[in-house]
Every structure is written in structure tokens, then in C-alpha cells.
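The structure that follows is given in the form of C-alpha cells.
Chains here go by letter, A, B, C, D and E, matching the order in which they are written, and residues are numbered from 1 within each.
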Amino acid sequence: MSQVRLEQVTKSFGGVLVIPPLDLVIADKEFVVLVGPSGCGKTTTLRMIAGLEQATSGEIRIGDRDVTTLRPGLRNCSMVFQNYALYPHMTVAENIGYGMKVRGTPKADIDRAVAEAARILNLGAYLNRKPSALSGGQRQRVAIGRAIVRQPDVFLFDEPLSNLDAKLRIEMRTEIKLLHRRLQTTIVYVTHDQVEAMTMADRVVVMSQGRIEQAADPITLYELPKNLFVAAFIGAPSMNFIEGTLERGGDNLVFHADGGVAIPVPNGRAALVAEAIGQPVVLGIRPEHTMVADPSFPTVPLKIADIEPLGPHTLAIGKIGPAAFTAQVPAGTRIRPDDTISVPIDHEKMHFFLKSTGEAIGR
Amino acid sequence: MSVRTLKGNGRWWALAGCLLWLAFTFFPLYWVAITSFKTPLGVVGGPTYIPFVDFQPSLSAWRELLSGERGQFYNTFIASTIIGLSASLIATAVGSMAAYALVRFTFRVKLLSALLFVVVAFGGYLICYNIFRIGQALSLIYAFLAALSLAVASSRLRLPGPVLGNNDIVFWFVSQRMFPPIVAAFALFLMYTEMGKIGLKLVDTYVGLTFAYIAFSLPIVIWLMRDFFEALPIEVEEAAMVDNVPSWRIFIGIVLPMSKPGLIATFMITLAFVWNEFLFALFLTHSKWQTLPILVAGQNSQRGDEWWAISAAALVAIIPMVIMAGILSRFMRSGLLLGAIK
Amino acid sequence: EPDYSGVTLSAVTQTGPYIASALQLAAKGWEEKTCGKVNVVEFPWSELYPKIVTSLTSGEDTFDVIAFAPAWAPDFTDYLSEMPQAMQTGADWEDIAPVYREALMVWNGKVLSQTMDGDAHTYSYRIDLFENADNQKAFKDKYGYDLAPPKTWKQYLDIAEFFQQPDKGLWGTAEAFRRGGQQFWFLFSHVAGYTSHPDNPGGMFFDPDTMDAQVNNPGWVRGLEEYIRASKLAPPNALNFSFGEVNAAFAGGQVAESIGWGDTGVIGADPKQSKVAGNVGSASLPGSDEIWNYKTKKWDKFDHVIQTSFMAFGGWQAAVPASSKNQEAAWDYIKYLTSPDVSGQAAITGGTGVNPYRISHTTNMDLWSKIFSEREAKEYLGAQKDAVTAQNIALDMRLPGYFSYTEILEIELSKALAGEVTPQQALDSVAEQWNKLTDEFGRDNQLAAYRASMGLPQK
Amino acid sequence: MTRNDPIKHVFIWPALLIVLVISIFPLIYSLTTSFMSLRLVPPIPPRFVGFDNYTALLQNPRFWHVAWTTSIIAFIAVALQYVIGFAVALALNARVPGEGLFRIGFLLPMLVAPVAVALIARQVLNPTMGPLNELMTIFGFPNLPFLTQTKWALGAIIAVEVWQWTPFVILMLLAGLQTLPDDVYEAAALENASPWQQFWGITFPMMLPISVAVVFIRLIESYKIIDTVFVMTGGGPGISTETLTLFAYQEGFKKFNLGYTSALSFLFLIFITIIGLVYLAILKPYLEKHK
Amino acid sequence: MSQVRLEQVTKSFGGVLVIPPLDLVIADKEFVVLVGPSGCGKTTTLRMIAGLEQATSGEIRIGDRDVTTLRPGLRNCSMVFQNYALYPHMTVAENIGYGMKVRGTPKADIDRAVAEAARILNLGAYLNRKPSALSGGQRQRVAIGRAIVRQPDVFLFDEPLSNLDAKLRIEMRTEIKLLHRRLQTTIVYVTHDQVEAMTMADRVVVMSQGRIEQAADPITLYELPKNLFVAAFIGAPSMNFIEGTLERGGDNLVFHADGGVAIPVPNGRAALVAEAIGQPVVLGIRPEHTMVADPSFPTVPLKIADIEPLGPHTLAIGKIGPAAFTAQVPAGTRIRPDDTISVPIDHEKMHFFLKSTGEAIGR
């Protein structure tokens, strides 16, 4: 049983309140990913769970133990530090095996575990190097290696793959998932990579300024963001937002953008968002939902300012009225800056938010 | 190659400066070296500079020294080596431990507890000794134990008044080094003799002298090592903490290796202090554990300065240190922390 | 012969070879003879006194034999055992020069220590310079009398002035002028000639009746003036000379004459250490025909020059602390150490630092011919013998709190040497402070001790 | 951030106990005797005199004189040691050619017993037998009174202090320099910061804590200077080069005037504590700023 | 003129040859992105250009100067270090302004520049903090800030955005591109983020083990990878590879996969790849080209092992014969592990490589 439970936990550095009261329950064996803007308190949260930072107030429990004041070693967590924190005087092998050595594991077992970790991490050739003779990504892998040779109650990963190339990152992702499956350990994982968050998490926790904006499984987060912040934060490229008002236009609801464009709201959604009629709202639509040209979809005119061909598709960046807008167009579409194109909007995928509170409506 | 390496002209200017300083440091030593091979006549006859060229070297000073004519050479040499190495090793170890604790842990000592310690120790001793007349040594032991236990016990109480923190403790340690050694050495001699009277022989024993050296080296070790520890990236220790590495292993296995340059420098300093210490050696020993500085100082006799003998003795006294320095300075390399953290 | 097997004596003295090697040499012989063991412990000269004081006052039986400077004796007397009566009789006893036997070894009628080295100041000069015809002529022309070892201090200074030729690397004289470098004994030698009145023995430092300091009387002032004058007729930087440099200067051929202990002669005559070997002449200290009489407060004129010998330092003493658990063996060892044979051998062995203190030492020419030329030996032994047997002997100052007194003197002396104060001012200040110190220590105690040290009966 | 962990007691108590055990008796002894008139020789029964020893000392011009002399020696010597030591440490850290050899060579003076150093100095400075005299003669200054005139003597003592203890500064600062991160210098090198700018912008501030410690220790130790003075000048001429500890030595070990010496020791302690606290207080803002 | 030219540059650390002879010319004002697996020598190359690492042999020129042995300060490069290399004793403002201070810029100008950089980097609130009181992403931004306040000849960025969240990363991307446009400076940029590489680069250089595998504009790289390595490396998720042989099947060429599946080669490609008939070849197809079910496309059966819903679409991971295969399926497709689905292959987008050399054929 290694549920992690933070109850009304706060943290201040000096006078600065970094984490206002925070409640978070991570179920046993759950794989939770923390995401959030830089500086929002992800690392701090992880460090509080690990015991490296004393919570200013509140209670932290791991399993059925209150660990609020317990020292780190006794919490049985394993952590990959954002800045690696390798032992500079030890070789890669020693770095990885040190924890085991300290626990008195027989040398043969250590060697085996180290070799296995090195295999997983593609570090075999570097086992006898000191960290100073490694590249950034190699160091990061050593840091991962050090964590995964253990069988802790909780794994804490702080942006563990940020310095790895895409290919390796995918491999590592798979390995970490395998590890999770094999060891059945609770994992708290911080990342800025949305794909990572989406593919690995049982649940994604979106944080902002120390608060939890939404905690849900990846698809929910993507499809039903609770508020503007989450909607904007999740998804790359980011969701487009157009401010305007909802108005009745005959039978249907119509969204009137501030710039003059009008987009009809499909009937299925109309009832749900009716409450906001007349109020300033924000319409959100992801770039990927602007690509498929279904005849039933409304279209909006986009004046292109910049073009980003990504391979599978191309991004057309420009403005709709006063609002910045990024549209995804099929690769090979012939567009040029200053062209104005007509962008289809998948109106089933539209989101609406109250401008005043940022809360999603119509869900 | 490293960014630190000087390049271009600066390199030669630095070299010139170093050579100048080398001349300044080496000339006297060179002078000592050649003087140790001079005959008395060669010395009093005015300065001569190059062996075989302007004077004929002779081994007489060395023969005298090594034959024991000028003091118990071998005894003192061995005693010095044993005491010097062990005292500075222990002092560096114990001092580093304390310095580490003072850097990484929070200490809070209530001023009242500290005062209580002083008052009970003083009062207890004076009362036991002057009123109950139970002997200096026993008075001291009783008073010390009483004061210590009362102070520790009282620190658990809720006492009012200011609280001393880590910095105050460090300053207290260093202040031990500020007290002039004259009276301290004599008082220590008295204490040791008194202890001898109750069966705990400390004067002229290995334990007695080494213990005193450790105590008097500790302040310096603590004060210096504190800064080296403070410069270490704490994240590395945190990594180990999360790994449930016990604190002492973090200290030995991670902190000490990372602060190797500082540790070695501090050890060298301590060794130099102990190796050359005079006053305590003078008072706390009288035959078996006499150390080299006494012998060296002895060459400055009432008959005047016998330069040749002084030179030979001084040389003998530094040779082991030179070897030590040679070995240790190899371990003082930069870039130790490279790659530890991003 | 007694059997001391199982006994280990611990003998302390200054770091060798001086004195320590004599103790060691004797230890070897004594060990063979008695199966005992002697452990010679050595301390630097400047630290020997505090070391002995602390060990004696602590009451520990740290040392069985202490070899020390006689000036310290007053501070030690309370802690020393008396010499066994058996040692105080017989030919060997009588052979010791009377000044030691009767004065230096005795404290309030008890023999507490045994002299193991004789020390008095004598005069050394360069035979080759003095007997150079040109020099003789030039000297006579200038001063109107023959160039020869001086009889008076004035002549001494004349000679120094005559030979002061810095351009030739030759200077007049060498004495110790350095604070902490035996300086005041050299001053005392000068002063002794003017203040050690044959009729008023023991009145050189203090009035033995009132314990008033005498240091600022005209005899002292004159002595000091001449001492300062000598410092100007010495090699540059002589102000930093201790006795060691004096010897070096003399043996190095830098000076024409010097005063000091017997070592000057021995070192100067040793070709291994000296450039002037073979040319070392010795004589008694100069004297004076005028001596200050502290009682009448007048200069007393004599018709001839009074030769005053100053027992500077007074020779190392060996004693046995009362706390020693092996007193009998310790005294036996001292007896062996100072026996005529053993000590005679030590006196001529280079590096032992033992100078003659027995009559037999100065009469056995055979011993000395090994290290001296015949003339040198004759003059050297003559001077030494004269020094310890002279008619008018001035004893060195020995008082409880010795260092307190000498420190005051040293400081003022240095000021006077540096020209910061006049000799009179310096000595007045010394006298004032000495008196204060005497009061602090207890005038009666000090007086009794002073009289004891000067061999005067207690009042 | 410091933390709280019972293990801290294991770390600190050995040092604490050792120092307490060794220092408590000397403290009791010297504090009590400082209020008494106590002489070992000639043995006079101890007598309580209150603050007499202290007032006597404070009224004694010699005390003020030695305090002044000691301060001059300590401050000038330590300042020189720090400047020279830092320069040399920098050169060594920058791998001047032959750095490995210099490293050991430069340490040597510190490894010689102070007594021996002073004896050596006397040899070298000897106006007739020493080599320096010959050198100065070449420049037309024969027989300079190195040890017999106050100014020269103080200069010589300071020179010897610098000679002997600069290695301490070199060693500690070099150790400090070695632990500085390389990458920061790389960043500065890219900015084309001159060595001078790198020193004042990076090296010096980052070395400030260890510098403060080194200078502090040197200052404390310099205030205790005795062997050098004792052997070189014996405090002379007069008392013009006498230092506090030498004064204490004369009073304590020659005259065994223990009450007075104890009082002297405490005045010394107070004196140097004040200097230390002032020193630390002055530097504190800088230390905080660069922490 | 600040062309950067590396000619036959090699680098060894101790005995290890990390960069075998390398030729690379970066045109004046060009924005070149270096990509490659972790440890392939990107940082080393950057550091050699900056002068922080001395090339073991070869020549480096910036503009018309031979800078091979010139010291870093004189090369007028500005660099963001992979590990930040912040001045720990300086505040954020001092860190950013230090370079200008060194060059003697007046205080007012420094303040202005620092404030501007802080605005761009969202660091305004932290200007008076020391790096140790910053989060990982904040530190990285300080490192960027330090570089961008200068106007160097060459910018060197070593994974400058790796620790930033997606939103910030996009903002920063834009800022750096603006910077490039404004200052017209040559930029060498290392990243592991393919989107970054694709969107920012004029030219992408793919490195592997110190060698350049291919250097081309992003689209070329994506569409016409020169060899297996580049094909596998570029694109996320990675291209699928199926080994087999090309054989004639009547009129058409048919690819016979080792597992038994056969895929016809469209006529347009057949002529080009004919040379390889009978030889072992590797067929490559990107996951994104397996989604659209055009009736003309051949299909292959995929046994699903794992499913990764990414939001806009879902990844189905499994095997085709012996080869691992990832297919992209529309979001919302109802699939479960152990299902076997029929995956359409956009056969125009197939790549062929010689198995022996790894070189692409049929281009």
C-alpha cells in the first residue's frame, strides 16, 4: 500500500508562499504526471514528498504512515533529480550501484543490476566514466539508472527525459512504463513533454502557481479541460482562443467573435452552453481540429503571418480578427504568408469558457 | 585543457612572479641546506654559496645530529611522526564531522544552558576543591560531569532568553584558538599532573599530548572545513538521502570525497601545526614523547647559534613534511565537482 | 660498589651537546659500573628553567637529576635534597675550587647541588695581532704604553679602539649585547671591576644589610658606560650578539679581543672551527684601581690594579629533587659524573661544554696539550685558574625571582645600548624597579636569600 | 537549508567533548588566578586581589606598547600574506608551467618549525656572516641593522611572518579555487571578460567565504606570534619588538607571575575577540550578499 | 560576415575519438539546428566553435578569421550552456547584465537591456533572486537571457528550451526566431525537440557518433531521409521499418516482408527502386502515413500490443510479422490490445533502404 496523500500542504521559502494549501491523493500503483508552467511548484511538490523539503504546514502520508516529518531515507522513495545530482567522484557504475552497496547487497547482485540498468539506458560503454566525462543526456540517463535499480514504494521522476533525443525518449518511456508494470509502484512524474504526459499517465495533474487546476486522465484533460488555463496548457500547439459572445440566431446558438466572425454552435452543444447567452465567453478550438474540411463545418478566414511545416502537416499561424490563431493544414498545402485561407472548424470539438471566471461551460 | 589555464603572455608574467616568489621562499631553505654541510669554520668565515665551488661540504653536522649527540634524535622523530599523523588525522576527521554538522544541521543552544554549564563547572570545581578539599582532579571531573548533564538536561526545558545558533557555536570553537597558549599550556600541565595523581597518567604519554593537539586543532579544522562544505552542491547529498544512505555514509562516501582539496589542505595545515607545535610539547612531555620542535629549538643553545646544527635539524624536521606534501598535493586537483549537477 | 640494577634515573638538562653529552658520557660509565640506567632528557636552553620549575612545583617525581644554571638555585632550593654527607669529605671534595665548594653549591649552610662545570669570565686576544711589531709600535705611539693583554678596562677599550678597522674586516672587541643573549653577564664583568670591593664582599648588586639595590651607583654607571663604549668598538650589529656570535666573531678572526667564558678559547683554538687557531691568547679579566665603596659612597683608590674575577653564570649545577624516588642512586651518579677522572676527561672533550672547576683540571697540562698549542694551553689554564682562585671574586647574582630582576635589567640595558636613555637614567630605573620587586617578594626573604647566595652569614 | 536529524549529535559531540574537556580546566584555572596574586617563584601564597591585575596591566604602558606592536605585525603581515598568497594561488590554479613543483615548493616554509624559521632568518640576516649582507653590500648598503633597529627589526619580523605563513594562505585558497565550478569561467570567457574582470567579478566573490576564514585564522594566529620574535630579536631593542605573547611568556614562564599572566591572557582574549567580531561584522553584509 | 566553417575538425578526449574528421559550413545568418542521439557530439561541436574546447586537429573559421586557436572571448560567440553555467553568487539581473558590465556598458543601458530580457523571458519577478532560489526552468531562462542581451556574431544554443513547458517553449521559440530576424546573426542550435528543429531551422544537421548523416532543410529531411539512421531519427513517433525483399510480381514490384506480408510498390516508384530487386531491403513507413484509409492503399494486419491515445489521434503499437510497428489511428477508434486491425499504408510515402548499407534507394 503506497498511496501518497498530501493534505492541506503549503510551502513557503522565506516569506514567499510557493505552494498554497494543496490537496492531492495519489492512489497506490497509480502513475501520476505533474505538468504545469515553469516555476509552478512541481519540483517543490516532489521534494516535499521525498522529504527533502519540509512542508511549511499540512500533512503528507505515504501508505498509512504520516511522513510529514520523517527523514527522506525512511520514506522509501526513489527520485530522479531535475539537475541529476550525480556523485561526481564515482563512475557511472558506482553511481548506479551506490544505493545497493550501502544497503549491503552482495557485489554480484549489484553488478547484475547495474549491468541491467546500463543495458536499458544504453550506458554500457560508459560504465567506467566519471560524470564529468559524459554528455548531458548521458548524465541524465545515469540519474535515471540510479533511481530504477531500486524497488521503492514511490518513484519520483523530475523531468527525467528532458535532455534525451526523441528516439531514446520513446525507448525510455517504454522502459519506465514496463518498470511501473513490473514493480507495481506508485509513480509521480514531472514532465514538460505533453506526449510523455499523455502516453504514460494514469492521471495528469495540471498545476499552476502551486494550485491544482485539474487532475484527470489524459483524454479527459484533452477533451474536457476544466478551464481556460488547462485548455491552453494542454496540447501543442496550443488551443486557439477567440473572444466573443454567444447569441441566439434563430433556432441555433451562434458565437459572435469580437472581430466580426460568427460561428454556429451545433445543436448538441447549444442546450448546454445556453446559460452563457449574452455573456462574454471564449471559444477554444485546437489547431488539429481545423484541418479536416468537412462540408458541414463552418469556416473562418485566416490571414497567414507565418508558416511552420512540421512534416506530417503544416501550421499556418495568423490572426482571426484580433485573436492569434494557429491552424493545422495538410502537409503540402500551398500557402504563403499574407494569403488568407478559409479554415474549417470542427464544431463538435469547440470549447466554451466564461470569460469572467475562465471556467469551461457546456460540458 | 581548461578555461582556467592561463594562456598567452599572462602565463609568462605569472611564471615570472612565481619564480620570484620561489626565489624568496627557496633562498633561505637553500641557505639552510648548504649550511648544514658547512663546518663551523665555514660558517663563521662569512657567507659562501655553492658547495664544492666556494666551500668544501662536510657531513659533520649530520653525523652529530644522527648520532644523538644533539638530542634524542630518533626518539623524537618517531614520536613526532606518530603523534603528528594520528593527531592531525583524528582532528581532521572529528573536526570535519563537526563542521559538516554545523553546515547541514540546525543547532539551537539556549544561552541559559550554556551559562548554566559555565556556572556549575566553575562553582562546582571551586566548591569541591576549596570547601570539600577532594583534590583538583576529582573536583574537576565531578564539576564537569555535573555541569554537562545539567546543561544538557536544561536544554530540554523551555528556557527563556536568547538562543545560540550554528554560527555562534562555530565562533565558540574558534574562540578556543584565540586564547593565548601560555597559560593554557601551563594549566593543562597542571590538570594532567593532577590526573596523574589519581592514576590517569597523561603527562608524557601518547594519549595526553595527542588529545591536547586534537583539541587545539579542532577549531581551525572546523572553521576551514565549514566553508568547503558550504561550497558543495547539496543536491548530491539529497540524492543520497533519498536513497536512504545513512548520514555517516553520506559524509564519508560522498561529502568527504567531494571536498577532497579542502580536506587535504586542512589536513596539511593541521599536520604542520601539530608537527611544529612547541609549547604543549614542552609542557606535556618530558622524555618518551618529546617531539622534534623541542630538539630543533634546543639547537639554539646558550652557547650561541650553531647554524650548522640548527640547519641539519631543521632540514630533518621538514623532510617528512615535504614528502607528505608531495604525496597529498597530487590529490588536490580541480574539477572534482564537475558533472555533479546541471 | 653499589648495585642499582633496575633503577632508571631521569636526568634533565639543556639540549646537547653541551652539558648533555657530559651527562651522557658519565651515564655510560655509571651504567656499566652500577647496572643502573640513566635517561638523559634534553630541553632547549631557554625552556629549561620553566620546565624544571613546573616539574618541581607540581610535586611529581619527573626527574631524578637536574642540571641547571646556578642562578636558578634560589627558586629551587625548597625542592632539592641535600648532598649526602659522605660526598662532602675527602680528596675529591677538597679538589673542587673553593668558590664553588663554599659558595655556589651551598645554600644556607646546606650543600644542595654539585658544580659540574666551571664558569667565569676571562679575556681572550689574538696573539698574532698583539705580537705584530707594526701594531706594537703604532699602539705605543698612540697610547703611550705597550700593547699587551689589558690590565684595566680602560686599556681594554684602548686596544679595541686601536684595532677597530672595519675596512680590513677587523673590529675591536666582541661582547654579547643582545637581550636574552647573555648580555647582562658581560655588563656584570665590566661592573664587577668597579664595584666588587674587597672589603665589602657581596655588595655588588644589593646592600647586603638593607637589600637596597646598588645598580645605580657610580661604579655601575661607569661599568655600563664602558660596556656601551665596547658595543661601538664591536662588529656592526653587535647589538644582536649573543655569546655564540661572540665566539663566532672571535674564531672568525673578526675581532682582536673579547671577553667571555672559557669556550672562546677552546673554540678559537680548534682548527676545525676557527681561523685563528694557534693564536688564541688568554688572560684574566681586566680590573681597576678604583672601586666604588657603597658604604662610604666614595671611590676608593688602590695603589695597584685589583684583579676582580667575575663568576659569570657560575657553572652548571647538578642536583637531586626531593621528590625523586631514587635519591641515593642519583647522588651516586652525580658523584661519578663529577669525579676528577670523569670530569677531567669531559673538560677536554670538545663539545661537552665542561670547563675546569677542579684544581686538578687546571693543573693537568697533559690533558690540554691535545687541543691547544703549548702557549695557548698555558695561558688558557692560567686564566681559568686565576679566575676561580682570584683574591677578589665577584659572585654572580642569584636570587629568588631571578628572571624578574634580570628582565628589568635587560630592558633598560637595551634602551641604554640603543641610546634611548643615558646609562644613569637606565640604571636609576632599574634600581627603582628592583627595589619595588624586592618589596613585593618580601624584603626579608630576599635579603636572607641574597646573603645566602653571596656566602654571607645570616643576620 | 539546514535540517534537523538526531544524527547531528553523533557528528558534533566528539568535537564538542574533546574541546570542552581540554579547555574547561585552563579556563577555570586562568580565570580564577587572574583575580589572584600568584607566583610560583619565589613561592608566595596566593592572595585574592580582585581586579588589581587587570588594572595594573591596563595602566602599564608596556602592555599598550606590546599590543600596538603585535597589531602592527599582525595586520601588515596578514595583509601581505593574503595578497601574495592569493596571487600565487591564482597562478598555481591557472597551471603556470611547473605548477606541480611550485605547489610543493611553496608549501615548504609553513612546514618548518617557527623556531627553526626564526633561527634561519637570523642566519640569513646576520650582518656579517649572512648572505643578505653581501647582497646589500653590492648595492652599497653594507651591514644593515636588520635586527637591531626597531624599524628594520619589525620589517624583518614581518618579512619572516610573510615568508612562513603565506603558504598557509596559498594552500587554503588553492583548495578553494579548485572547488570553484569551471563552467562559470567558461561563461565569463565567452563574454570576453578579462582576467582582471573575471577575478573581481567571479573569483573574488566566490572565494570570499574561504578568504574570510583564512584571514581570520591567520589574524588570530599572528596575534600569538612569539617564536619568531623571541629568537630573532628577543623582543629588543628594548621592548620595541616585544609582542603580547612574548610579554606573557616572560611574565608566565620566566617570572611565573601567574596571576598577572592570566589577567594578561584574558585581556588578550577580549582584545582579539573584539577584533574578530568587528572583522566579522564588517564582512557580514558582503558574505550574505554573495552567499 | 559570420559564416562558420569547420574543416576536418576532430576531437578526442584522452584517447577517445569523439568527433572524427568533420566538415560543416554554416552560412552567414543561417539558422542551423544540430540534432542527433544523446552523446553524438553536439555539445562538443558547439564548444569547439565557442573555443571552450580546443579542436584536436582541423581548422575552424568564423567569418574570414581562422579562430582555431583563438581564445573564446575574441570569437564573439554567445552561448546558452546545456547546464546553464549561471554565476551562483549573482542575482538574476546581475547574471544577465554581467557581460555588458564587463564591456563597460553604462548602467542605465544595462538595466534597460536586462528589463527587456526579463520581459521576454517572464523573469521580471525574479530579478533579485540568486539562481539557487529558482526552479529549473527559471534557471534555464536566465541562461537564455544572458545570451540574448548580446549582439554576437554567432549564437550557440545548447538545448536551451529543454526544461520549459510547452507553452513557454513555443513563446521562446518565437522570441528566438524574432531575435534571429532582428539581429541577422548566425545561429547554431542544438535540440532534441523535433518540432523545434523543424520549425526553427533553415537547415537541420543530423549527427551520429560525431559524423554528419545528413544536412538539409527540415522538409527534405522528413521526406527524403538519406539513410536508415536519419529516417529513424527524424519524426516522432519514429518511422516503422519492415525488412524484406523487392520482387517482381507481374507488372508491379512487390515488397515481400520477412513475416509474409506483401505490399505492392506503386508504379511511380517501381522504376526507381528496381535496382534493388532481389536484395534485402528495408521498407520504411511513418506512423502518420498509416492513418488515412484510402481504398487504393494496401493494408497490413497489425496485432496490437499497446495503445497510446495522444488526443488528436491514437497510437496503436504492435507487430507486423517480426517487426515492431506503430500505427496512427484516428482518435476515438475503438481498439483494444490483442485486437488485430488492418492498417492502411500510404504507399506513396513508403521509403526503401538497402539493408546492406542503409542508404535510401528510389529517390
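Assume contacts are C-beta pairs under 8 Å (C-beta built on N, C-alpha and C of every residue); 3 or more make two chains touch, one makes a residue touch a chain.
Since the structure is predicted, the reported quantities are computational estimates derived from the model, not experimental observations.
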Co-neighbours of chain D and chain C - touch as defined | B
Note the shortest touch-path length, in steps, from chain A to chain C.
-> 2
Which pair wins on C-beta contacts, A-B or B-D?
-> B-D
So, in whole Å, the Cα centroid of chain C is separated from that of chain E by 94
Distance between chain centroids, defined by C-alpha means - chain B, chain D (Å) | 14
Express in whole angstrom the distance between the two chain centres, defined as the mean CA positions of chain D and chain E.
-> 59
Chain centre separation in whole Å, for chain C relative to chain B (CA means) | 40
Shared-contact residues (touching 2 or more other chains) in chain D | 3, 5, 115, 122, 128-129, 181, 186, 189, 253
Tell me, which residues of chain C touch at least two other chains?
-> 44, 46-47, 50, 54, 245, 248-249, 252
Overlap residues in chain E, where contacts from two or more other chains coincide | 52, 71-72, 82-83, 136
Listed in rising order, chain B residues that touch chain D in their complex are 2-6, 10-11, 14-15, 17-18, 21-22, 24-29, 31-32, 35, 43-47, 49, 94-95, 97-98, 100-107, 121-122, 125-126, 140, 144, 148, 166, 169, 171, 173-184, 186-188, 190-191, 211-212, 214-216, 218-220, 222-224, 226-228, 230-232, 234, 246-248, 251, 259, 261-262, 264-266, 268-269, 272, 275-276, 278, 292-293, 296-297, 299-300, 305, 307, 310-311, 313-314, 317-318, 321-322, 325-326, 329, 332-338
Within their complex, chain D touches chain C through residues 39-44, 115, 122, 126-129, 142-143, 145-148, 230, 233-239, 250, 253-257
Chain A touches which residues of chain B in the complex?
-> 233, 235-236, 238-246, 249, 253-254, 257-258, 260, 335-342
Interface with chain D, chain C side, in the complex: residues 44, 46-47, 49-50, 53-54, 57, 74-75, 78, 178-181, 235-237, 239-240, 245, 248-249, 252, 254, 400-401, 403-404, 407, 411, 414-415, 417-418, 420, 441-442, 445-446, 449
Touching residues on chain D, where the partner in the complex is chain E | 181, 183-184, 186-194, 197, 201-202, 205-206, 290-291
